[in-house]
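Shared between the two complexes below is subunit A, which pairs with subunit B and subunit C, respectively.
Up next, the complex of A and B:
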């Protein structure tokens, strides 16, 4: 008797729907065992992770704050990945967006500029992110350079550029030489939605982005082109779709969204430009994009879910003294199961019973 | 099924709530935000040692909680607020980058007390504390100048912020008392902790003729390189002798325990007030590891220097202090530079043949 993985004739839609649930179920079982080994009550621990953060408005706000950049970047990346274009450098586009928007904040500091500053900063962030993303796109279209490498390497360029600015020209003159700009003026800050909380306008912008992407992919010809070029490049060529143009377009769109997320983060929760403004959002968003199956609504859910595990993990550290590493193990196990279960959409298990008599007879 | 789930959740939540509130009854909850993982040496580890000392000192009277590996970006404000919401009344945020987030949370929760390490912004309920690490640097300068055959010291800097600049200056001022022509080569790692970069920096410095390595970064990588090459080095933050038994001369160790114990006691007695503490060798916030791998006369000189600084007879930044341009730096502290001048130090002293990055 043998257990083999066999390719299905077509995608299983049932499994596609059930697989995330199976994955979460398996994660919960595995984590319960791990918690038990650590000497923690598994039910209490899972409650702290998954239920507690959903029970008060403070934690809900924090989940939204954490999910906002992940969802925005994830949506942009999904457009690239659907078109079979690999933008790995969203982190760099995020940073450049933050830098470009901050330029205006730094220049208008203390000048009494009006309420146009913040919207203009967001626009600058998006434009700069798009332009920065076009560098690897143009290199690919013109010279055939691998966009995976070029976009990734540009992350480090952006990181060091930001570093240079806050240590040099933009350094807060009253800041004892520490590497940060001065705090932005109120007109250069993304407003908070609920008094006393941290939920900011960016969360609403992220929702608008989700809606716009849903319309783009579902209702427009451009969206159709993106999907066809990714899924069937030959068919797309016969259909007269210009794949070079789509590479530029998807890169620009994902760069713009990453840049927008960057300046929103800096002008919102952070309040000034400094090194280390992103704990790897541009890379985590890649996971979010795939966890959400490159679907806008899916990405929204995936972003919120990943944010939940961050917040829950932090509360578990405080309430149950569960080490931070366990949170990371937890996220890793979850992703592992999601990907493993997804293979069941295209494959299925089958038991094979060999017939020894026949084989020995012929041999 | 749905109803069962909801019921189960409700039971769990109430059970959980009662569990937490029962233990929280009259203990003082003390929270910590750590920059790195705890590990077994370095900056965060020294804070963890002090937390353990608190637990030992106060036992059942307090309950401590820490969050480790908290990045200095937007996450830290949330992490600090989470500690507040979990009932912590005294919170130590142990890295410079937490300054603005700590200040924001402090303004929001006026009844909670905050202690921020190495910053300069304070509030009614937010104190700052840091160590006069430059005092140890001065001693290291004296030792290094005595031990160096080439007359060239190698210095691995983290970031060109005042604390690090004043450390370099103090080292040179100490070294110049022995060898007026001492040279220093500086490499910036642009990181507090990056073993790869630190090791590369140490190799480059040794290749350029330095024979004593000093560092303002956190890992023992440089110590290991010096040890491999048969050269000398100083540890940082923690005792690092096990990484270079034949290489370590001494190490500047952070000792936060006495301060933390003082502050928790003040909180328990209801006497906590916002303060600015800058402790050095005297208050034992800065402690020198045993002087090793040096002849007895150097050891004696090092101990005498340490004693003189501890007793307030010797100031590392004793006037006149000459800037790189050869002009005397204004002396605002009587016979030595004022604390403010050291805290905001943004110039090299005479004898350093280099420029501060970004200046």
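Up next, the complex of A and C:
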């Protein structure tokens, strides 16, 4: 008996929808085993992870807050991945966006500047993210350098640059030597939606980004171009689409969205610039993009789900003393299963029973 | 050369009994019975998708049958894979060669043999076998330097070195000049005389009538008949293959040759990749209302010429390519389409269409340049769908639903869609490469008729094809491509197979005496 992968005649739409769910199921099974090995009751642990955060309004808001950057970055990354361009450095673009926007906040601190500050900060963040993302894109187009390596390496450049700024020039003089800027002025802050809550304007912006991406990919020639360059590069060239331009464009768009997410995070929930503003949003968003099947609506759902794992992870640490790193393990396993289950869209499993072998006869 | 086994007079060498191969619910082979006898050249005829490839892959051990059995010299045979097939004495020469361009002939042969002999012994045997059969090969040359015919020789010699009792050849003459094909037939006759059996896949009926003593015809996965091709006419064989009479292609009467619509002036282009062909001083002038054919063995620069005409590769000098009086050598493919040019590449999936995208999206692929499909950056889905519907109706594209993925269509139907998509844009110039390659006879007739009708409406049509019969059927003039050069076009009426064959082999018509020396 033999288990083989057999190619399907046409891609299966059912599996395309179901495969993320299969992946989540397999991840939960794997996690249960992991919890058991750690000596925790798997049922209780899964409850703390996935059910408890959904039961109080604080956690629900917190999920939306965490999902906001994940969805925005994930949408940008999906544009790259659809075009078969591999931006792995969204984390760096996120940090640079945060730094660029914060520059304005720091410079206008206490000057009584008007309400233009916050929108200008968002714009700066997006532009800086786009420019930062164009570095690996230009290296790829011009020199053929692997964008996977260059974009990833630039994450650490951005991380250390931010670190330098908040320990040096931008450090809050009244901050007891902590590496942080002063709290931003109210005009340099993204407003909250509900008085006293944590949900902020960024969530609305994220929803607008989802809507815009849906229109872009589904209705416009540019969206078609992105999809066809990724799906069939030679046919795209025959169609007259220039893949070099598209590499620059998708990198710039995903960098802009990551940068925007970065400055919103700093000017919103955090309120000042400091190291560690991101628990790895730029990397987790890679999982969000794939779990969401590179589809804007799917990415919205996947972003909320991954945000749940962040919140659940924190609660599990408090309630059951499960290390926070288990959340990262969870996300890694999930990405692994998502990619593995994707093969089922084009292939199916089949068992083959060979007929009993006959002696070789005359040769 | 072979020891005749005593039983060989009464039992077939190979017998398939009720051989069936199922892919999901699709029956690629439906209960096929074939007997292959020693000293037989057995033709396997059928259209694309009739199940020929599946059947020979099963016999060669590449595919496991779902049902039925094979008998080898009277005994039941279950093959674990091609190496077992080879060890029993079954050899195969594939249509698509599996050769490494950067290795020498001898190295390629060594890679394909399961043997334990030393490289030196193997090389010596290679030279011996190739000389005995009149298939001269230099073992030390690297494959990329060789012509397609020579590459096929490597594959044949590699198969013969295993001393097979039974050799399968998959469309061997598709890539050969007529003269090269004649040389191959001599080899096959010799194999037959030695007591071997040959299974010969083809859809060239004249060839089969000339060479084969038995023919088995497949259609839609089923065996239709086994007959003696010499007692059939080409028309009766074709009817069995297609299951219906094929429509005659008719040129419209009173076709007017008008002004030049495509002019190529001294086009030279270095190849992109190191093993590509350099285009050298190509010039041609194509009139409205005219169909010009470009013949030639594959790999002589046809792909490079297509890329230069379509704008997938740009020429330095704008004046080298002129559409309707507009210098276009420097223009992109989109700009050339706006000048009224249309293009159909050889490769349907992955070049002409994005395989996993819908037909409407594939209509947009080439239609976005110059039609109402895009307004202010937004795609007009109604317009793309209507192109699909019109192509479906005008060119009889058969598909399971209104707007399926391109890859789900059969080769013939997809090609009808691609040609239709371009013709519906009323192009001034249509450049088409291998219009009916791997397409069933019915679809081929529809496509050829469409090209004739397009020319009759005043467009200029440039057809690159390896099928000389096709060129003879639809073109007004034929030029031949060899090593990146394009010959002077001959009027189709004067271009007989011999003349074209010589040009395809690289000799000019004025020096016929040296033809064989150059061609070899």
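Note that in this section the second predicted complex is superposed on the first by the 292 of 363 C-alpha atoms of A that agree within 3 Å, B and C clash if a C-alpha of one lies under 4 Å from a C-alpha of the other, contacts with A are read in each partner's own complex, and residues count from 1 in each chain.
One rule holds for everything that comes next: contacts are C-beta pairs under 8 Å (C-beta built on N, C-alpha and C of every residue); 3 or more make two chains touch, one makes a residue touch a chain.
In this text, all values refer to a predicted model and were calculated from it rather than measured experimentally.
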item: Touched partner set for A:47, first subunit B, second subunit C, both or neither; value: first
item: Which superposed partner A:17 touches (first subunit B, second subunit C, both, neither); value: neither
item: Partner chain(s) touched by A:274 [first = subunit B, second = subunit C, both, neither]; value: first
item: Contacts of A:324 with subunit B and subunit C, given as first, second, both or neither; value: first
item: Touching partner for A:58 - first (subunit B), second (subunit C), both, neither; value: first
item: First, second, both or neither for A:222, with subunit B first and subunit C second; value: second
item: Subunit B versus subunit C as contact partner of A:232, first or second or both or neither; value: second
item: Touched subunit A residues, subunit B compared with subunit C; value: B
item: A:240 touches, of subunit B and subunit C: first, second, both or neither?; value: second
item: Contacting residues of subunit A [partner subunit B, same complex]; value: 43-44, 47-48, 51-52, 55, 58, 62, 65-66, 163-164, 167-168, 171, 176-179, 183, 196, 198, 265, 269-272, 274, 276-279, 311, 314-315, 317-319, 321, 323-325
item: Contact footprint of subunit A on subunit B as seen in their complex; value: 9, 12-13, 15-16, 19-20, 31, 37, 65-69, 71-75, 77-79, 81-83, 85-86, 96-97, 100, 104, 108, 120, 159-162, 165, 190, 343-344, 346, 357-358
item: Residues on subunit C engaged by subunit A in the complex (per definition of touch); value: 5, 23-24, 26, 64, 72-73, 75-78, 80, 84, 87-89, 310-312, 332-334, 337, 343, 345, 347, 350-357, 361, 364-366, 368-369, 374, 377-379, 404-405, 407-408
item: Residue ranges of subunit A in contact with subunit C within the complex; value: 9-11, 219-222, 224, 227-228, 231-232, 234-240, 352, 354-355, 357-358, 360-363
